[in-house]
Each structure stands twice: as C-alpha cells, then as structure tokens.
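Chain naming follows the written order as A, B and C, and within any one chain the residues start at number 1.
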Amino acid sequence: MDEQAPDYDLAVIGGGPAGLAGAAAAAREGLSVVLLDAGPRLGGQFYRHRPGEEPARLKALRRGLASGVEVLLEHRVWSVERRPPGFAVHCLAGTRDERPVAVGARALLIATGAHDLALPFPGWDLPGVMTAGGAQALLKGGVLAGRRIVVAGTGPFLLPVAASLARAGARVAGVFEAGPLRAPALALLRRPGRLAEAAEYGRSLLEHRIPYRGRRAVIAARGGDRLTHVTVARVDAAWRPAGGFVEIECDALAVGYGFVPQLELAVQLGCRLGPGPAVAVDAGRRTSVPGVYAAGETTGVGGADLAEVEGRVAGRAAAADLGRGPRPDPGLSRLADRLTAFARSLRDAYPVRDGWRAWLAGDTLVCRCEEVPYSRVREALALGATDARSVKLLARPGMGWCQGRMCGYAVACLSGEDPALVTPSRPVAQPIRLGALASGDAERP
Amino acid sequence: MTAEFEIAFDGTPVPAASGQTIGAALHAAGIVSWRTTRYAGRPRGLFCGIGACFDCLVTVNGRPSLRACLTEARAGDDVTSGPDVIRAEGSPDG
Amino acid sequence: MPDVVVIGAGIVGAACAHYAAEAGLTVTVVDRGPVASGTTGAGEGNILVSDKEPGPELDLALLSATLWRELTDPAGPCALAAEYEPKGGLVVASSAGTMSVLADFASCQAKSGVEHSVAADPREIEPDLTPKLAGGVFYPQDAQVQPMLATAALLARATRRGAARLATGTEVTGLLRAGDRVAGVRTERGDIHAGAVVNAAGTWGGEIAAMAGTELPVAPRRGFILVTEPLVTPRIRHKVYTAAYITDVSDDSAALATSAVVESTMAGTVLIGASRERVGFDRTPSVPALRTLAAQAVALFPGLADRHVIRTYCGFRPYTPDHLPVIGEDPHTPGLFHACGHEGAGVGLAPATGHLVARLLTGGAVPFDLTPFRPGRFA
C-alpha cells in the first residue's frame, strides 16, 4: 500500500549511538528530523536490549530525541536515491508485512553500523558456530549461545564477549586471539580511560578461570549436525597453523575477526570510500556527496563512544549546511579527532593476517549461501578469473542471500584483491518481495 | 527468562517471551538449526545473529523467508523449518 | 607472434578465438578487464530465435543455435560445461489482438526454419502463469547458457590446446600498422604483432574502430535484471516473455522501455528483465526501472509476489542504430575484422559470429551473405 510520507530536513538511517546522537544534535538546531531503524527498539547492536531493560546511556540518548525527532522503527531501508532537492529513502515497514514506504529529506545521515568480519574455516557452517557479535546479540536478548563456549578471533571485542558470557553463566572454555597478546595493552595505553575497562574484563576472565591465549586460532569446527569440538592451533605471525593442535569440547563457538561497515547505502549514492573499508568524510562527517553525512562504524570501525561523538558532529554539520548555523564547538572536534586516532590505532593493532588461507581444505565452504567450496574458487581462478567479481561470476560466491556480506572479505583475498578496496555494490540493500517492489510507495518530489 | 507465551516449531510448542526473536526462542529451547541448504542439505540456524547472513531463514504462519534473528515472536506463531528451495537433484521439495 | 589478436574476452571474443583456433590459427585474446567482465558478465545467457524477424539476424541466430548445441553436447568434441539448457521459449500475449499478431509473426519465422507451436492456453506449458492471457507461442529452439562459464570454458579450451593465449588486464591503446594493413595492437604492456586483429570489444567496439579511423556507432543500451531468492514455486520451466519484448528490442527510442522476460537458472534463482534505455554508462540504480520490471513479472507469475529480489545488476548492451551486429573486415584497414554490436543477443549470436570471423580470417567461404553486417554501412 502506498503511504504518503512527510518531508524532513534530515533523515537519519540507523538508530544506534551515531544515529541517535546525530538526530538529537540536528533537531536541537531546529532541523526537522526523521530517524529510521530496522529494529523494534532503538539502540542498534551496541544498546540491544530486551523490552523494559533499556540501558541508562541509551535512555539518555533517547531523551535527546524529544525535541522533535520522528522515530520510525521497523523501517528497513533497501534503497536511497538522489531526488532533487534532496533524497528519497525507500523503506520496508514492518517485519512481516513489509509495506513499502518512501521518506523524503533534504539531507541524509548514514549511520548503518557494521557486522562481524567472518573468516572461513572447515566446519564454520555447523550450527553452534556463531559470530562473536551474534553470540553477544543473543545474550542481550537473554539467551546463551551454548553451555560451554569457545571465544576466538582477533581484537578487543573478544574480551567483553567472553566476560559477559561467563557472567551470564556459560562456561567459557577459552579465548583464543590469533594475534599476539601484548598488542591490546599497547593500544589501550593511548587512551588511559579504557584501561579500567580492560582491567575489568581481565578480572572477569581471571575470576571465571578463563584461559586467554595469544597466537592461537580455531582452525576447524567439528560435529555431525551441530558443533561438538573445535580444533585450536598455535599460529605463526602470519596466522598459519604452527603446531600445538588441541581439540576442545564445546557446544558453541563465538568467533569474530573484527567488523565490516555496512556501506551499501553510501555506495548507492556514489559516496567516495576510503581509506580502508569506510565512507570517506571530512571533519564535519560530510561525505563526497553534498547533503550526505556518515557517522559511526560506516566511517571506520571505532566503537560506541566515537560513534556518538561522530553523530553529534554530523548532526551539527548538517544543520550548519542547511543554514541553521550552530556555533562551532572546538571541544567536540578535538574529542572526535582524539577518539578517531585511538580507533585507528586499535584497528592497526589487530590486523587480519592472510595465513588463514592455510586453514582451508578443498571442500571448506567459502560461501555459505551458495555452498561454494574453496576448490571451486580455485577452479574459477584457473579459468581466468582475476578478481573478486569474476570469481563470483564463474563460481557464485557472494551471489546468494547474504550478497557476500559473510564471504566478501575472504573471496576478495582469495581472488588476489585487497578487501579494503572492493566496493560493496548492492543496489538492493535489503531483500524486497516482488509484490512490495511492484506496488510502489508514496514519494514526494 | 519467564516464558510468556508459546509458539509452535514444526508443531512442537516452544516457549517464548515478548520482545524475543523467534531465533532466540528456538535456540533457548535447544533447537540450533531449522533449515537445510539446497545443495548439500546442511543444517543451519543462527550465525551472524543480526540479520546480515540470512542463514536463519524460516517460514512463519506461511510467510516464507523471514530472518528468525530479526523477527520477534508473537503468541501462536506457527514456525516451520525449510527447505523451501530446490534440492541438488533438482526435484521440487514441498 | 600469434596469427590473430582478438580484442575482448567476452563471449564474442571467446567464440572468435575458439573458431580461429579450430581453423588452425594461433590467437592472443586481450582484454582490459578479466574474462567476461563487460556485457557478457551482465547477461542472462539467452540463445533466442523466437524474438527475431526473418532476415539476416535470424539466419545468424539459427546457425548459432545449432552451434551452441554442438559446443555443449556432452558427447561432442568440446563438451563445454556451461549450464546449457535447451528449455525452449514461451512468448505470451495478453490480448486476442496481440495473439493474432504473434501467431502471424511465428508463421513468417517458420519459413526461415524456426520451429514453433501455438498454445491456446499457455498454462499447459507453464502452469504457474497468470490465467489472464490470450495465448502464446512456444519456440523449442530457444535455449539458455551461463554466459560467464561459457566464455571462460571456450577460452580455457583454446589455451589448453596451446592455440591461444589469454592476456587479461591488458588495455589496447592503439593499432599497429604495416602500410594500410593492421599489424597488431599496442597495449599498456607492450606491442603484440599479428597478421590480423579482431575487434570483439562489444559495447566499447566503437573505440577500437576509431583507432582505425572507422566510425562504428555502437552505443550503450542499459538493462537492469532482478534476481530472486532461490525458489521452487512458482515453477518457471522455460524462458517466458511478453510479446512487447519484440517491439522493445527493435524500438529506437532512448527512453526507458520494459517488457517482462522471466526465466529460472540452474542455481534456482529467477532472472527478471528486460529494461532498455540509452543513458550512457550510468550505473546508478533506478528504482522506477526496478519497480516496472517487478510489476510486469508479478503480472505474468502472480506467485512471484511473495518472493524476494535479493540482487539487481545492470549491463550495457552494444546498440547499433539498425539493431544488427557488425561483422566483417574494416573498409579502410585490411586485416582488421569487426565482430561487435550484438545488442542484447551477443551470447546467442556468438558462435555464429566466431564461426564467420574464422572463415573470413582463413579466406574460407561463408554460408550466407554478410552484406547486412558490413562495418562500412554507417558511413
């Protein structure tokens, strides 16, 4: 059914810390703002919660919306288009019925967050293997991923995941960091405020007697129709297995190698990307497309604190660019710079090394959706494919439901491309039923 | 968590709470897979948990291809497992 | 030094390389991108005789349909693994008036060797079609192939036999000459000398021709495709399209024209086309175009309404003003042969094009008059 959509100065896409702060900041300067989120409650992944258990910080952020932000929940954005003098945001409203709705706005703030970066390994499609973020999301919904859980991957996110699983009653059989363990301490020193937080996780791990090992990776998951064991190996500096193989019994594995920003909407609009997998922005979080702003993980993964600050910067810049002229806030800019530098140093401290390729066997699935094994990727390369796109065209990795969100990083690496330089082109950012697409939505020019 | 209502999974009652996703309710009930892949028939359940991987697709009240990790349970939901796609042999399945 | 340089590693270039190699020539195939990275990589893999009116293009299509069967015959010498499906095409009409035009069109085609049967109720052939149709015509010679696999497999076969070399990531920047004759190509990675050059650069064929001072008005005609989730129902067994497709193909307007073309693939997805518009090389997603394609597909197969589109992509067909491909020797530069401008029929017409080009390269007889395809016709 068509629905008449109102016009706004600013449409904010994503109700996590960046979007919430951005919407509030813009509304405070007098812009009419609509905040769209796919979920049933605001907060994004970071502040995911059960009804009635709203985190305090989220409550505070949500208070900022009182000054005239219209919130549209359960609105999934599948396409954004330039529609002079602004933009059309095409949504699917409702989680089951999917009514097509279009929202028009003079400016856009893209705050669509990130998902886990997954790497393939034998058995990674067994039920019980989840991304670290997935296990965390489940827990925030009140459900443990398993009773005996292994946490693995790389990066500082593994610690809060392990600590919260243990606190909730799971037996965490170990945390296996593929990089060296001394990296986090060095990175954290640059921002002493985080030391206390790190110490808290450390205490949690000690208290629950959870082993935290560096240069260790889960190189295989085993089981019949669900996970029963993982194989952990010592890995060298490049992450190639280097002996010390151990089988660990578990019914869940939470594995994450960092995060992948969700850039498809920015790509649809033609926003310039880089450096790395991120929307390129200036100090005001303006993208290369006039009227389009980006904040949070879409400008480079940096966590909730940075996302919130970036949202405020972007909301104020949008207001200024639309002639509302908020007073410059040098303190805010300095804070944003400092947090951005910290986020960069943290990302640099946890690179993904390419020795993970040595974990693959010929029959290891690279693409979960289309069930493409590593051997077929190699066949495509032998047939003359020289990049991720031609491997996809010949062997189908990335052609399925998830559109390469899970295998894109791996396929780029296996095709000889730098994953950071592969543009995630998804003209349909969310699957849309043909009936909904055909029926059309209300749009104002 | 106190169960507030029930949903049915392939006819079996599963407790669920308001605000809980169908994926979380199934997982909490010890059901970790509810779909099989179309070529090798491999079992799949929750993987990314946040709507990005589409592994957890499920049919709810006859509505196919919903993400169990995003779809909140409602009392009386009739959840059925897949597959709703071709098998490797190419023969239609249901 | 190869006998021939083929510019373009798409389906037409691959077919030219294949048939030239079969004729005993050595070939180097150059492309600025990877294999099948241009229009071939955006194609549905149609091998159609049904949409062509009697004339030179239909002759080419009929020869090609036979050659595709030979190339993919599991018991044949090539046995290309390219998901070839001789599924047949079903053209449907929504009104009695259109149906009678369709039936007349099919009778004309029959005189040229196109097989068909008139279906009073198209649902006997395609049960999940809408009941609101006036009839249809079934064309058993229509087929489908996975165009990227076909291209890669043709090239791999020629290179494995030592008759061809593939140089991807190699952009041609100019032509080498010896007097009037072409003597090879200049690339970013050095010169490649050869006695003949084939321009199989598809939508970009005009740029190569310009290097020889020849004007080939090949222009991009954009098309979007919707790809559904893998599905069982509705069943779509054949290539199904509406009669409007035929008039859209031969229409000259630059504005958006769409007609429903619906078919399933071996991967279980359904491909939905076909839009045509001349807007240059603009890849910006167009919601109105996607919407129209969806509406037309749902009108044909109501059961599709509940199924998801998971992907769309666009490609640029090599359009020529008279809708005929360019096949033949350059009017000014002996040794330069053009094989481009096949619009949306490149996959279907590729084997016949390659076959003819190989004959021209070796001075052999061609099976029919190539005058309508001559490169000099636009001057």
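Criterion: a contact is a pair of C-beta atoms (placed from the backbone, for glycine too) under 8 Å apart; a residue touches a chain by one contact, two chains touch by 3 or more.
Chain labels with UniProt names: A = Oxidase; B = Proline dehydrogenase; C = Oxidoreductase.
For clarity, every value in this text was computed on a predicted model and none was experimentally measured.
J.: Where centres are the averaged C-alpha coordinates, which chain has the largest centre distance to chain A?
T.: C
J.: So which one's got more C-beta contacts, B-C or A-B?
T.: Higher C-beta contact count between the two pairs: A-B.
J.: With chain centres taken as the means of their Cα atoms, state the distance from chain B to chain C in Å.
T.: Each chain reduced to its C-alpha mean, chain B and chain C end up 41 Å apart.
J.: Just the number, please: Cα centre separation of chain A and chain B in whole Å.
T.: 23
J.: Would you pick out the residues of chain A that each touch at least 2 other chains?
T.: 400-401, 431
J.: Indicate the residues of chain B shared as contacts by at least two other chains.
T.: 38, 63, 65
J.: Give the residues of chain C that touch two or more other chains, as numbers and ranges in rising order.
T.: 229-230, 306-308
J.: Which positions of chain B touch chain C when the two form their complex?
T.: Interface residues on chain B, with respect to chain C: 38, 63-65, 84-86, 92-94.
J.: Where on chain B is chain A touching in the complex?
T.: It comes out as residues 1, 17-21, 23-24, 27-28, 32-33, 37-40, 42-55, 57, 60-61, 63, 65-66, 69-72.
J.: Mind pulling up the chain A residues that touch chain C in the complex?
T.: Within the complex, chain A touches chain C at residues 79, 81, 88, 90, 268, 270, 370, 380, 382-387, 389-390, 393-394, 396, 399-401, 403, 426-428, 431-435, 437-438, 440.
J.: Taking the complex as given, what residues does chain C use to touch chain B?
T.: Its residues touching chain B are 229-233, 235, 268, 306-308.
J.: Under the touch definition given earlier, write down the residues of chain A that touch chain B in their complex.
T.: Per the touch definition, chain A meets chain B at residues 38-41, 45, 50-52, 95-96, 115-116, 118, 125-131, 133-138, 141-143, 145, 225-226, 262, 368-369, 371, 400-402, 405-406, 431.
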